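What follows is one structure encoded as structure tokens, with my remarks underneath.
Letters A, B, C and D mark the chains as written, and numbering starts fresh at 1 in each.
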């Protein structure tokens, strides 16, 4: 067998090993290659950055064990971004597992905050916990908070939370941030909160769902959208707060480059072989 | 043959009846009785399906026990199966909210599942190396579209070759959507054709009945 | 060692076992396969038993006797153990297929057939819209069965195929990047600083076993197609 | 209470037209008038694949991936796959190939078992059917490792990938191709059809999966029904072209779809 045939019939195990190296190396040693910011992410970031200090935002955390590695870092940055800007956050989740991951994101963000940033539970942020009922549950929450939930994630009665004093429906919020993961729930936010109360909204979903929501962006119902780990990485990049997502996005870079190199190599070898008249 | 009625004709008739009822319920306002009946039958389906799964596991276990008792080749692997099956069933029967049961699920089943799902990334690459060669025009179309879209999606792609983003977006939004639209419409017609064939009793392989022509048995 | 670290370690070990399937048939992937099959089988068995208990048995106990039918249908599945009674097991199938096909037919005509037509009806005033309309028509025509591949239809057929292949290429490329994110998610958990040493140690064990396997020819090398 | 639900009238009329078209062609076939249909390469490929397995003394596998019979969108391709399974199992029984059908869902498993057993009986070889081994239930998810490992150790020579395929498509097809098996793939799921088309030796797209079942049934009435489905395609073409032309000249067509 000539070397050409050997290369064309490359043992797949060699490809697998190369792939592992390409993906694991950037995670262990984050090398930040330049990256182009996607239009949707830039829009979402600009919108978040324009939320004025002192306003209150509604925040849905919809990440679960499978999607947290992709969206979690971005969600942490979003919480960090809001708190450092002095924006108050009202969080909730529409899934029981997601509920716990939302709390993880809050804690991670609080650990990262520069010393002295006001971030008191109940004053600067509140986590309302799990809201049952899917889309209907969201609708009921934004129309009458007290009728939907009686206590927050930690069991504190709603009436004892200073942040929610005098707030009982969505009119108090100046933005909706919907980190939907793979829940496909962004539509709930658009239909139940953004459109009826005329509140601008951005969000996040996994990469494969981005095309499903792009109609909302072109229609102006969503201000922007972070897609998957790349969206999270772009948020970290834009806020100059390097975190795990950047390393992961770089790993997709290396993996993608390897894939493209292999395809090019395969084609070049194939053409050489064909020109020699062997194929 | 008289038992033909309940062995073959009645099942086909019932399939058609239930199916047509489902279709009608969608287009015409129906009395609540019909809707409730539909909801109940649907819950029956999930129950029967759950029972069938349990039956399947029993059969699988029998197959493994047979492998061990007959000392077929590589029989020792089956021991791993039996032991882990018994441990999980034991814990699960104590209660599916039991902590050890959930621990096994979260820390063993979920990671293997995620790892196996992610195997696709490796096979997708090794398959691409083998099949993404411009052997003929159709392979070339596949190759070019796939290449451009991947390049658009990885962060560094736009740095290497900036026009890739608008080109990729265009391919994804127009020719590619057009292709899928035609395919989806075709599929939908396929389903309707299948429905008619099943409801008229021409296609009945799913009932375990091999075709007998009109006049048959 | 707390349950979380133990969980990370277990997760890392079984993930490596699962990845070992990439090498081809080998003892480690075989063992992982059987353990996984056992766990999952046990899990499915327990969960479904719980489901039947809650949704059928206890409902009957509460007096909703309709559910006896569901239980009987389930028992009918056993009917196929004896060929003579095989026909009994057709009835549960009838239920599923009848209801399911009815549902599929009614949703497909609205969402897939009409929905796609509606989305494609566009004013032909821009290049993009023309591509969209022509592409959709060509691919729809590609599936027409009653024409032979000759004459004008040959060109229509080829045109439809181009659009289909373009769609497939796009999906292929898009899937690659999403699937890589999944591997990365797993690798991040496996390379967590708290457990990475154990991951490496286990990796070394796998390599040793494999080298032994290849040296003694118990595991074969891949030889092209 | 109105007789019809608004917004669904157009859908109902289309459904009636298509169903009537199919029934019309089926009716005509009773009097022997058969529409002239294009023949797929895949129809002959089934025999070729099984034949190759017999020649090499290696097993033929029939995989259906997701067969969740309670989900309507999965049920339809699964029922189509069952019809082809019946044909393929008979072919395997007749030619004497070792046949293996792993199924990941309970009810589908039970059905597949019946189908294959019947096929072996019909060919007069019930002794070749192993009630525990020919059709096997594998827990969904765990089948991935089982199938990859066994593809390599048993050196499969032919694999069918028919039904509703999800992420397993690329895993199994790539392994089958690497093992050297001859493959036939068909699915109607848009996300994973690319892998079947790119990797398999023979492939069918979307509607062709449903059509293949009718082709191999050797029942003229079913084959004729395919001509009825073509009516639907003509309806779609007319609606799209007419609608687009009307929209171009400034006529608002969106109201029609709200019927």
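For this structure, a couple of remarks:
The working rule: contacts are C-beta pairs under 8 Å (C-beta built on N, C-alpha and C of every residue); 3 or more make two chains touch, one makes a residue touch a chain.
Quantities reported herein were computed from a predicted structural model and do not represent experimental measurements.
Across all inter-chain contacts, the pair with the most C-beta pairs is B-C. At the far end from chain C, in terms of centres built from Cα atoms, lies A. With centres taken as mean Cα positions, chain C sits 6 Å from chain B. Inter-chain spacing, taken between the CA centroids of chain B and chain D, is 12 Å.
Per-chain Cα centroids separate chain A from chain B by 29 Å. In this assembly, the C-alpha centroid of chain C lies 16 Å from the C-alpha centroid of chain D. Counting only residues that touch two or more partner chains, chain D has 8, 11, 15, 18, 69-70, 76, 79, 107, 110-111, 114, 117, 138-139, 141, 145, 167, 170, 174, 177-178, 190, 193-195, 197-198, 205-208, 211, 226, 229, 232-233, 236.
Looking at chain A, one finds that residues 12, 16, 19, 23, 66, 207, 252, 255-256, 259 touch two or more other chains.
For chain B, the set of residues touching two or more other chains reads 23, 26-27, 42, 45-46, 48-55, 57, 60, 106, 109-110, 114, 116-117, 119-122, 124-126, 128, 130, 132, 142-143, 147, 150-151, 153-154, 172, 180, 183-187, 189, 191-192, 194-195, 198, 206-208. Across the complex, chain A is touched by residues 22-24, 174-178, 180-181, 183-185, 187-189, 191, 221-222, 224-225 of chain C. Those residues of chain C whose C-beta lies close enough to touch chain B in the complex are 3, 6-8, 10-12, 14-15, 17-19, 21-22, 30-52, 55-56, 66-67, 69-71, 73-75, 77-78, 86-87, 89-110, 112-113, 116-117, 119-120, 128, 131-143, 160-177, 179-180, 182-183, 185-186, 189.
Touching chain A in their complex are the following residues of chain B: 106, 110, 114, 121-122, 125-126, 128-130, 132-135, 143, 147, 150-151, 153-159, 162, 165, 172. Per the touch definition, chain D reaches chain B in the complex via residues 1-5, 8, 11-12, 15, 18-19, 22-23, 26, 30, 69-70, 76, 79-80, 82-83, 85-86, 90, 103, 105-107, 109-111, 114-115, 117-119, 122, 132-133, 136-139, 141, 144-145, 167, 170-171, 173-175, 177-178, 188, 190, 193-195, 197-199, 205-211, 213-214, 217-219, 221-222, 225-226, 228-229, 232-233, 236.
Across the complex, chain C is touched by residues 3, 6-8, 11, 14-23, 25-27, 38, 40-55, 57, 60-61, 74, 77-78, 80-93, 96, 101, 103-112, 114-122, 124-125, 128, 138, 141-151, 153-154, 170-189, 191-192, 194-195, 198-199, 206-208 of chain B.
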